Amino acid sequence: MIADRPAVYDLYAAYGALIDVGDWDAWLDLFAVACRYQIVPRENAELSLPAGLIFCDSRAMLEDRIMALREANKYNIHWDRHVIGLPRVIGDADAEISVEAPFAVYQSDQEGSSRLFATGLYRDRIISERGGLRFHDKVVLLDTFAVPSLLATPL
Amino acid sequence: MIADRPAVYDLYAAYGALIDVGDWDAWLDLFAVACRYQIVPRENAELSLPAGLIFCDSRAMLEDRIMALREANKYNIHWDRHVIGLPRVIGDADAEISVEAPFAVYQSDQEGSSRLFATGLYRDRIISERGGLRFHDKVVLLDTFAVPSLLATPL
Amino acid sequence: MIADRPAVYDLYAAYGALIDVGDWDAWLDLFAVACRYQIVPRENAELSLPAGLIFCDSRAMLEDRIMALREANKYNIHWDRHVIGLPRVIGDADAEISVEAPFAVYQSDQEGSSRLFATGLYRDRIISERGGLRFHDKVVLLDTFAVPSLLATPL
(Lines give C-alpha, C1' and ligand atoms only; values in the text may rest on other atoms or scores of the structure.)
Protein backbone atom coordinates (compact mmCIF):
# COMPACT_ATOMS: atom_id res chain seq x y z
CA MET A 1 0.00 0.00 0.00
CA ILE A 2 1.49 3.28 -1.06
CA ALA A 3 1.41 5.66 1.89
CA ASP A 4 -0.59 8.62 0.71
CA ARG A 5 0.95 11.37 2.79
CA PRO A 6 -2.02 13.79 2.91
CA ALA A 7 -4.34 10.94 3.91
CA VAL A 8 -1.98 9.92 6.72
CA TYR A 9 -1.73 13.50 7.98
CA ASP A 10 -5.50 13.91 7.81
CA LEU A 11 -5.99 10.75 9.84
CA TYR A 12 -3.85 12.09 12.68
CA ALA A 13 -5.35 15.57 12.49
CA ALA A 14 -8.83 14.05 12.77
CA TYR A 15 -7.78 11.67 15.55
CA GLY A 16 -6.69 14.47 17.87
CA ALA A 17 -9.42 16.93 16.89
CA LEU A 18 -12.25 14.45 17.44
CA ILE A 19 -11.07 13.63 20.97
CA ASP A 20 -10.76 17.32 21.78
CA VAL A 21 -14.28 18.06 20.59
CA GLY A 22 -15.67 14.85 22.10
CA ASP A 23 -17.16 13.48 18.89
CA TRP A 24 -16.78 9.84 19.87
CA ASP A 25 -18.80 8.30 17.06
CA ALA A 26 -16.61 9.94 14.43
CA TRP A 27 -13.52 9.06 16.48
CA LEU A 28 -14.46 5.37 16.68
CA ASP A 29 -15.03 5.46 12.94
CA LEU A 30 -11.28 6.08 12.49
CA PHE A 31 -10.65 2.52 13.65
CA ALA A 32 -10.85 -0.60 11.53
CA VAL A 33 -13.64 -3.08 12.30
CA ALA A 34 -10.98 -5.43 13.66
CA CYS A 35 -8.81 -3.22 15.79
CA ARG A 36 -6.65 -3.02 18.87
CA TYR A 37 -6.06 0.04 21.00
CA GLN A 38 -3.79 0.23 23.99
CA ILE A 39 -2.13 2.78 26.23
CA VAL A 40 1.20 1.52 27.52
CA PRO A 41 3.72 3.33 29.73
CA ARG A 42 6.90 3.58 27.69
CA GLU A 43 8.79 1.91 30.48
CA ASN A 44 6.65 -1.23 30.24
CA ALA A 45 7.01 -1.31 26.48
CA GLU A 46 10.79 -1.20 26.74
CA LEU A 47 10.79 -4.12 29.16
CA SER A 48 8.24 -5.97 27.00
CA LEU A 49 5.86 -6.02 29.93
CA PRO A 50 2.36 -6.53 28.65
CA ALA A 51 0.57 -4.47 31.30
CA GLY A 52 -1.03 -1.38 29.83
CA LEU A 53 -3.25 1.29 31.30
CA ILE A 54 -5.91 0.55 28.72
CA PHE A 55 -6.15 -2.50 26.49
CA CYS A 56 -8.95 -3.02 23.98
CA ASP A 57 -8.68 -5.74 21.37
CA SER A 58 -11.99 -5.23 19.66
CA ARG A 59 -14.07 -2.34 18.50
CA ALA A 60 -16.86 -3.27 20.92
CA MET A 61 -14.41 -3.17 23.80
CA LEU A 62 -13.15 0.23 22.67
CA GLU A 63 -16.71 1.52 22.49
CA ASP A 64 -17.43 0.25 26.00
CA ARG A 65 -14.33 1.90 27.28
CA ILE A 66 -15.24 5.22 25.71
CA MET A 67 -18.67 5.07 27.33
CA ALA A 68 -17.08 4.46 30.72
CA LEU A 69 -14.65 7.33 30.24
CA ARG A 70 -17.46 9.66 29.25
CA GLU A 71 -19.25 8.82 32.47
CA ALA A 72 -16.10 9.40 34.54
CA ASN A 73 -15.55 12.63 32.66
CA LYS A 74 -18.72 14.12 34.15
CA TYR A 75 -16.95 14.34 37.50
CA ASN A 76 -13.68 15.65 36.15
CA ILE A 77 -14.62 18.53 33.89
CA HIS A 78 -11.78 19.56 31.65
CA TRP A 79 -10.89 20.08 28.03
CA ASP A 80 -8.16 18.32 26.11
CA ARG A 81 -6.00 19.78 23.42
CA HIS A 82 -3.88 17.45 21.31
CA VAL A 83 -0.89 18.81 19.48
CA ILE A 84 0.41 15.99 17.30
CA GLY A 85 3.79 16.29 15.59
CA LEU A 86 4.63 15.31 12.03
CA PRO A 87 3.76 11.63 11.45
CA ARG A 88 6.62 9.42 10.32
CA VAL A 89 5.91 6.58 7.93
CA ILE A 90 8.33 3.85 8.95
CA GLY A 91 6.98 0.91 7.01
CA ASP A 92 4.85 0.47 3.94
CA ALA A 93 3.79 -3.09 3.14
CA ASP A 94 1.15 -4.37 0.75
CA ALA A 95 -1.74 -4.25 3.12
CA GLU A 96 -0.71 -1.86 5.85
CA ILE A 97 1.57 1.00 6.78
CA SER A 98 3.43 1.58 10.02
CA VAL A 99 3.38 5.14 11.27
CA GLU A 100 4.70 6.87 14.37
CA ALA A 101 3.79 10.34 15.60
CA PRO A 102 4.77 12.22 18.76
CA PHE A 103 2.10 14.01 20.75
CA ALA A 104 1.56 16.41 23.61
CA VAL A 105 -1.83 16.62 25.31
CA TYR A 106 -2.81 19.67 27.36
CA GLN A 107 -5.74 19.97 29.70
CA SER A 108 -7.61 23.11 30.63
CA ASP A 109 -9.96 23.34 33.59
CA GLN A 110 -13.13 25.31 34.10
CA GLU A 111 -11.18 28.28 35.41
CA GLY A 112 -9.32 28.55 32.12
CA SER A 113 -5.95 27.33 33.33
CA SER A 114 -4.01 25.06 30.99
CA ARG A 115 -1.25 22.60 31.74
CA LEU A 116 0.68 19.83 30.09
CA PHE A 117 -1.11 16.56 30.75
CA ALA A 118 0.94 13.96 28.92
CA THR A 119 3.45 13.38 26.16
CA GLY A 120 4.20 10.25 24.20
CA LEU A 121 4.37 8.51 20.87
CA TYR A 122 1.70 6.87 18.74
CA ARG A 123 3.01 3.64 17.22
CA ASP A 124 0.38 2.54 14.75
CA ARG A 125 -0.45 0.09 12.02
CA ILE A 126 -2.90 1.51 9.53
CA ILE A 127 -4.96 -0.20 6.86
CA SER A 128 -7.29 0.92 4.13
CA GLU A 129 -10.92 0.10 4.87
CA ARG A 130 -14.32 1.61 4.04
CA GLY A 131 -12.74 4.02 1.57
CA GLY A 132 -10.18 5.52 3.89
CA LEU A 133 -7.28 4.93 6.24
CA ARG A 134 -8.17 3.32 9.59
CA PHE A 135 -6.20 2.39 12.67
CA HIS A 136 -5.80 -1.36 12.77
CA ASP A 137 -3.46 -1.42 15.76
CA LYS A 138 -2.84 1.69 17.80
CA VAL A 139 -0.31 1.76 20.65
CA VAL A 140 -0.09 4.92 22.75
CA LEU A 141 3.38 4.85 24.28
CA LEU A 142 3.03 7.13 27.26
CA ASP A 143 6.00 9.11 28.61
CA THR A 144 3.81 10.43 31.41
CA PHE A 145 2.44 7.57 33.44
CA ALA A 146 2.29 9.22 36.86
CA VAL A 147 -1.31 10.28 36.30
CA PRO A 148 -3.23 7.19 35.15
CA SER A 149 -6.10 7.90 37.54
CA LEU A 150 -6.88 11.05 35.62
CA LEU A 151 -7.22 9.23 32.31
CA ALA A 152 -10.77 10.37 31.67
CA THR A 153 -10.47 10.49 27.90
CA PRO A 154 -8.44 8.44 25.46
CA LEU A 155 -5.08 9.81 24.43
CA MET B 1 -11.87 25.70 -4.31
CA ILE B 2 -9.70 22.65 -4.13
CA ALA B 3 -7.78 22.71 -0.87
CA ASP B 4 -4.14 22.61 -1.88
CA ARG B 5 -2.63 20.89 1.12
CA PRO B 6 0.92 22.31 0.92
CA ALA B 7 -0.48 25.84 0.56
CA VAL B 8 -2.70 25.36 3.62
CA TYR B 9 0.21 24.02 5.67
CA ASP B 10 2.43 26.88 4.53
CA LEU B 11 -0.19 29.42 5.57
CA TYR B 12 -0.25 28.08 9.13
CA ALA B 13 3.51 27.71 9.31
CA ALA B 14 3.88 31.35 8.25
CA TYR B 15 1.13 32.53 10.60
CA GLY B 16 2.88 31.24 13.70
CA ALA B 17 6.41 32.05 12.57
CA LEU B 18 5.62 35.67 11.73
CA ILE B 19 4.11 36.32 15.16
CA ASP B 20 7.11 34.72 16.84
CA VAL B 21 9.55 36.86 14.90
CA GLY B 22 7.38 39.97 15.18
CA ASP B 23 7.10 40.64 11.45
CA TRP B 24 3.69 42.29 11.66
CA ASP B 25 3.53 43.61 8.12
CA ALA B 26 4.05 40.16 6.66
CA TRP B 27 1.64 38.73 9.25
CA LEU B 28 -1.12 41.20 8.33
CA ASP B 29 -0.53 40.29 4.70
CA LEU B 30 -1.80 36.77 5.49
CA PHE B 31 -5.28 38.22 5.95
CA ALA B 32 -7.77 39.03 3.19
CA VAL B 33 -8.59 42.67 2.56
CA ALA B 34 -12.02 42.02 4.05
CA CYS B 35 -11.30 40.00 7.15
CA ARG B 36 -12.39 39.25 10.68
CA TYR B 37 -10.13 38.17 13.54
CA GLN B 38 -11.28 37.30 17.00
CA ILE B 39 -10.02 35.60 20.13
CA VAL B 40 -12.83 33.89 22.00
CA PRO B 41 -12.64 31.82 25.18
CA ARG B 42 -13.85 28.36 24.25
CA GLU B 43 -16.44 28.53 27.01
CA ASN B 44 -18.08 31.59 25.46
CA ALA B 45 -18.08 29.99 22.04
CA GLU B 46 -19.87 26.91 23.38
CA LEU B 47 -22.57 29.08 24.96
CA SER B 48 -22.76 31.22 21.78
CA LEU B 49 -21.83 34.25 23.82
CA PRO B 50 -20.44 36.88 21.51
CA ALA B 51 -17.96 38.42 23.96
CA GLY B 52 -14.41 37.83 22.86
CA LEU B 53 -11.10 39.01 24.20
CA ILE B 54 -10.26 40.59 20.87
CA PHE B 55 -12.65 41.34 18.04
CA CYS B 56 -11.58 42.98 14.81
CA ASP B 57 -13.90 43.00 11.82
CA SER B 58 -11.72 44.89 9.40
CA ARG B 59 -8.13 44.93 8.37
CA ALA B 60 -7.72 48.53 9.63
CA MET B 61 -9.01 47.47 13.05
CA LEU B 62 -6.61 44.54 13.12
CA GLU B 63 -3.70 46.83 12.23
CA ASP B 64 -4.67 49.23 15.02
CA ARG B 65 -4.86 46.41 17.47
CA ILE B 66 -1.42 45.14 16.51
CA MET B 67 0.06 48.62 16.99
CA ALA B 68 -1.49 48.80 20.48
CA LEU B 69 -0.17 45.36 21.37
CA ARG B 70 3.30 46.29 20.18
CA GLU B 71 3.26 49.28 22.47
CA ALA B 72 2.10 47.18 25.43
CA ASN B 73 4.74 44.64 24.58
CA LYS B 74 7.50 47.12 25.40
CA TYR B 75 6.61 46.74 29.06
CA ASN B 76 6.22 42.99 29.02
CA ILE B 77 9.32 41.70 27.30
CA HIS B 78 8.95 38.09 26.25
CA TRP B 79 9.20 35.84 23.23
CA ASP B 80 6.45 33.70 21.84
CA ARG B 81 6.81 30.31 20.27
CA HIS B 82 3.88 28.83 18.38
CA VAL B 83 3.71 25.11 17.82
CA ILE B 84 0.75 24.50 15.54
CA GLY B 85 -0.53 20.97 14.98
CA LEU B 86 -1.58 19.45 11.67
CA PRO B 87 -4.30 21.56 10.04
CA ARG B 88 -7.56 19.78 9.29
CA VAL B 89 -9.54 20.76 6.23
CA ILE B 90 -13.17 20.33 7.25
CA GLY B 91 -14.94 22.07 4.39
CA ASP B 92 -14.08 22.91 0.82
CA ALA B 93 -16.58 25.07 -1.05
CA ASP B 94 -16.23 26.94 -4.32
CA ALA B 95 -14.86 30.11 -2.88
CA GLU B 96 -13.47 29.18 0.50
CA ILE B 97 -12.18 26.38 2.65
CA SER B 98 -12.79 25.77 6.34
CA VAL B 99 -9.76 24.69 8.30
CA GLU B 100 -9.10 23.95 11.96
CA ALA B 101 -5.71 23.60 13.62
CA PRO B 102 -4.76 23.10 17.28
CA PHE B 103 -2.01 25.21 18.78
CA ALA B 104 0.16 25.64 21.83
CA VAL B 105 1.91 28.94 22.51
CA TYR B 106 4.90 29.14 24.82
CA GLN B 107 6.47 32.26 26.24
CA SER B 108 10.07 32.75 27.29
CA ASP B 109 11.23 35.63 29.42
CA GLN B 110 14.48 37.56 29.46
CA GLU B 111 16.01 35.12 31.90
CA GLY B 112 15.53 32.30 29.42
CA SER B 113 12.73 30.49 31.23
CA SER B 114 9.96 29.07 29.08
CA ARG B 115 6.43 28.14 30.02
CA LEU B 116 3.16 27.18 28.40
CA PHE B 117 1.17 30.33 27.77
CA ALA B 118 -1.99 29.14 26.06
CA THR B 119 -3.55 26.34 24.06
CA GLY B 120 -6.52 26.39 21.74
CA LEU B 121 -7.92 25.82 18.29
CA TYR B 122 -7.89 27.96 15.18
CA ARG B 123 -11.25 27.76 13.39
CA ASP B 124 -10.74 29.54 10.10
CA ARG B 125 -12.30 30.32 6.77
CA ILE B 126 -9.71 30.82 4.07
CA ILE B 127 -10.01 32.32 0.62
CA SER B 128 -7.72 32.78 -2.35
CA GLU B 129 -6.69 36.39 -2.87
CA ARG B 130 -3.68 38.23 -4.27
CA GLY B 131 -2.20 34.99 -5.57
CA GLY B 132 -2.29 33.03 -2.33
CA LEU B 133 -4.38 31.75 0.55
CA ARG B 134 -5.55 34.40 3.04
CA PHE B 135 -7.51 34.28 6.27
CA HIS B 136 -10.97 35.65 5.61
CA ASP B 137 -12.36 34.83 9.05
CA LYS B 138 -10.10 33.65 11.84
CA VAL B 139 -11.45 32.56 15.22
CA VAL B 140 -8.94 31.75 17.96
CA LEU B 141 -10.82 29.48 20.35
CA LEU B 142 -8.85 29.81 23.54
CA ASP B 143 -8.67 26.99 26.09
CA THR B 144 -6.63 29.21 28.39
CA PHE B 145 -8.56 32.33 29.26
CA ALA B 146 -7.26 32.95 32.75
CA VAL B 147 -4.52 35.25 31.44
CA PRO B 148 -6.19 37.78 29.12
CA SER B 149 -4.33 40.68 30.73
CA LEU B 150 -1.10 39.23 29.42
CA LEU B 151 -2.29 39.14 25.81
CA ALA B 152 0.47 41.35 24.48
CA THR B 153 0.70 39.67 21.09
CA PRO B 154 -1.95 38.05 18.92
CA LEU B 155 -2.35 34.30 19.22
CA MET C 1 16.51 22.58 -5.93
CA ILE C 2 12.77 22.21 -5.82
CA ALA C 3 11.71 21.76 -2.21
CA ASP C 4 9.93 18.44 -2.12
CA ARG C 5 7.51 19.05 0.71
CA PRO C 6 7.00 15.42 1.86
CA ALA C 7 10.78 14.90 1.91
CA VAL C 8 11.26 18.04 4.03
CA TYR C 9 8.54 16.98 6.46
CA ASP C 10 10.01 13.47 6.67
CA LEU C 11 13.43 14.89 7.48
CA TYR C 12 12.08 16.82 10.46
CA ALA C 13 9.90 13.94 11.62
CA ALA C 14 12.94 11.65 11.56
CA TYR C 15 15.17 14.23 13.23
CA GLY C 16 13.00 14.47 16.33
CA ALA C 17 12.05 10.81 16.47
CA LEU C 18 15.63 9.56 16.27
CA ILE C 19 16.73 11.75 19.19
CA ASP C 20 13.77 10.58 21.25
CA VAL C 21 14.54 6.93 20.63
CA GLY C 22 18.31 7.46 20.97
CA ASP C 23 19.25 6.06 17.57
CA TRP C 24 22.34 8.21 17.16
CA ASP C 25 23.78 6.50 14.10
CA ALA C 26 20.62 7.07 12.12
CA TRP C 27 20.39 10.61 13.53
CA LEU C 28 23.95 11.46 12.43
CA ASP C 29 23.08 10.07 9.03
CA LEU C 30 20.61 12.95 8.60
CA PHE C 31 23.57 15.33 8.36
CA ALA C 32 25.63 16.04 5.27
CA VAL C 33 29.25 14.91 5.26
CA ALA C 34 30.28 18.55 5.52
CA CYS C 35 27.99 19.96 8.18
CA ARG C 36 27.66 22.43 10.97
CA TYR C 37 25.43 22.08 14.03
CA GLN C 38 25.02 24.64 16.74
CA ILE C 39 22.74 25.47 19.64
CA VAL C 40 22.52 29.22 20.19
CA PRO C 41 20.43 31.12 22.74
CA ARG C 42 18.06 33.28 20.74
CA GLU C 43 19.31 36.33 22.62
CA ASN C 44 22.87 35.78 21.38
CA ALA C 45 21.69 35.25 17.83
CA GLU C 46 19.82 38.58 17.88
CA LEU C 47 22.92 40.42 19.08
CA SER C 48 25.08 38.50 16.57
CA LEU C 49 27.11 37.12 19.43
CA PRO C 50 28.89 34.01 18.29
CA ALA C 51 28.81 32.18 21.60
CA GLY C 52 26.68 29.10 21.44
CA LEU C 53 25.97 26.31 23.88
CA ILE C 54 27.16 23.75 21.38
CA PHE C 55 29.15 24.37 18.23
CA CYS C 56 30.23 21.61 15.88
CA ASP C 57 31.57 22.44 12.46
CA SER C 58 32.31 18.95 11.25
CA ARG C 59 30.63 15.61 11.33
CA ALA C 60 33.45 14.15 13.42
CA MET C 61 32.99 16.90 16.00
CA LEU C 62 29.26 16.24 16.09
CA GLU C 63 29.87 12.52 16.60
CA ASP C 64 32.27 13.27 19.46
CA ARG C 65 29.76 15.52 21.07
CA ILE C 66 27.03 12.91 20.85
CA MET C 67 29.32 10.36 22.51
CA ALA C 68 29.99 12.80 25.37
CA LEU C 69 26.31 13.53 25.80
CA ARG C 70 25.49 9.83 25.89
CA GLU C 71 27.99 9.39 28.68
CA ALA C 72 26.55 12.32 30.64
CA ASN C 73 23.09 10.95 30.03
CA LYS C 74 23.85 7.88 32.14
CA TYR C 75 23.74 10.08 35.22
CA ASN C 76 20.65 12.03 34.24
CA ILE C 77 18.10 9.44 33.19
CA HIS C 78 15.23 10.97 31.29
CA TRP C 79 13.33 10.67 28.05
CA ASP C 80 12.90 13.37 25.48
CA ARG C 81 9.88 13.99 23.35
CA HIS C 82 10.14 16.38 20.43
CA VAL C 83 7.02 17.97 19.02
CA ILE C 84 8.08 19.85 15.91
CA GLY C 85 5.69 22.26 14.23
CA LEU C 86 5.08 22.60 10.50
CA PRO C 87 8.37 23.34 8.68
CA ARG C 88 8.47 26.54 6.67
CA VAL C 89 10.47 26.62 3.47
CA ILE C 90 11.79 30.16 3.28
CA GLY C 91 14.35 29.84 0.51
CA ASP C 92 14.87 27.47 -2.38
CA ALA C 93 18.09 27.92 -4.35
CA ASP C 94 19.75 25.64 -6.87
CA ALA C 95 21.76 23.63 -4.43
CA GLU C 96 20.06 24.10 -1.09
CA ILE C 97 16.85 25.05 0.65
CA SER C 98 16.40 27.15 3.78
CA VAL C 99 13.84 25.83 6.22
CA GLU C 100 12.66 26.92 9.65
CA ALA C 101 10.59 24.88 12.08
CA PRO C 102 9.46 25.63 15.65
CA PHE C 103 9.86 22.97 18.29
CA ALA C 104 8.98 22.09 21.86
CA VAL C 105 10.95 19.44 23.73
CA TYR C 106 9.51 17.71 26.77
CA GLN C 107 11.35 15.56 29.25
CA SER C 108 9.96 12.76 31.37
CA ASP C 109 11.76 11.30 34.35
CA GLN C 110 11.84 7.80 35.73
CA GLU C 111 8.79 8.49 37.89
CA GLY C 112 6.75 9.23 34.79
CA SER C 113 6.45 12.98 35.28
CA SER C 114 6.70 15.13 32.17
CA ARG C 115 7.57 18.77 31.83
CA LEU C 116 8.44 21.31 29.18
CA PHE C 117 12.20 21.33 28.74
CA ALA C 118 12.82 23.84 25.98
CA THR C 119 11.27 25.65 23.04
CA GLY C 120 12.90 27.23 20.05
CA LEU C 121 13.32 27.39 16.31
CA TYR C 122 15.37 25.31 13.90
CA ARG C 123 16.95 27.52 11.25
CA ASP C 124 18.45 25.15 8.71
CA ARG C 125 20.07 24.89 5.34
CA ILE C 126 19.41 21.57 3.68
CA ILE C 127 21.06 19.92 0.72
CA SER C 128 20.52 16.76 -1.28
CA GLU C 129 23.20 14.14 -0.67
CA ARG C 130 23.41 10.36 -0.69
CA GLY C 131 19.95 10.09 -2.23
CA GLY C 132 18.09 12.20 0.32
CA LEU C 133 17.83 15.51 2.12
CA ARG C 134 20.55 16.20 4.70
CA PHE C 135 21.23 19.02 7.13
CA HIS C 136 24.14 21.05 5.85
CA ASP C 137 23.88 23.79 8.47
CA LYS C 138 21.59 23.43 11.45
CA VAL C 139 21.10 26.24 13.97
CA VAL C 140 19.00 25.51 17.04
CA LEU C 141 17.79 28.91 18.23
CA LEU C 142 16.93 28.28 21.85
CA ASP C 143 14.24 30.31 23.64
CA THR C 144 15.01 28.45 26.85
CA PHE C 145 18.62 28.97 27.82
CA ALA C 146 18.29 28.90 31.59
CA VAL C 147 19.05 25.18 31.65
CA PRO C 148 22.20 24.59 29.58
CA SER C 149 23.69 22.37 32.27
CA LEU C 150 20.93 19.87 31.66
CA LEU C 151 21.67 19.61 27.93
CA ALA C 152 22.30 15.89 27.97
CA THR C 153 20.97 15.22 24.50
CA PRO C 154 20.99 17.33 21.34
CA LEU C 155 17.90 19.41 20.68
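Per-chain residue numbering starts at 1, and chain names A, B and C are given in the order in which the chains are listed.
One rule holds in what follows: contacts are C-beta pairs under 8 Å (C-beta built on N, C-alpha and C of every residue); 3 or more make two chains touch, one makes a residue touch a chain.
Remember, it's a predicted structure, so these values are computed and weren't measured experimentally.
Novice: Determine how many degrees of rotation, between 0 and 180 and to the nearest 5, align the Cα atoms of subunit A with the equivalent atoms in subunit B.
Specialist: That rotation is 120 degrees, given to the nearest 5.
Novice: What's the call on subunit A versus subunit C, same or different interface residues, using the half cut on shared numbers?
Specialist: different
Novice: Let me have the rounded angstrom distance from the C-alpha centre of subunit A over to the C-alpha centre of subunit C, please.
Specialist: 27
Novice: Out of subunit B, which residues touch more than one other chain, so two or more?
Specialist: Within subunit B, residues 83-87, 104, 116 contact more than one other chain.
Novice: Within their complex, state which residues of subunit B touch subunit A.
Specialist: 5, 41-43, 83-89, 100-104, 116, 118-121, 143-147
Novice: Going by the contact rule set out above, which residues of subunit C touch subunit A in the complex?
Specialist: 6, 9-10, 12-14, 16-17, 20, 79, 81-86, 104, 106, 108, 110-116
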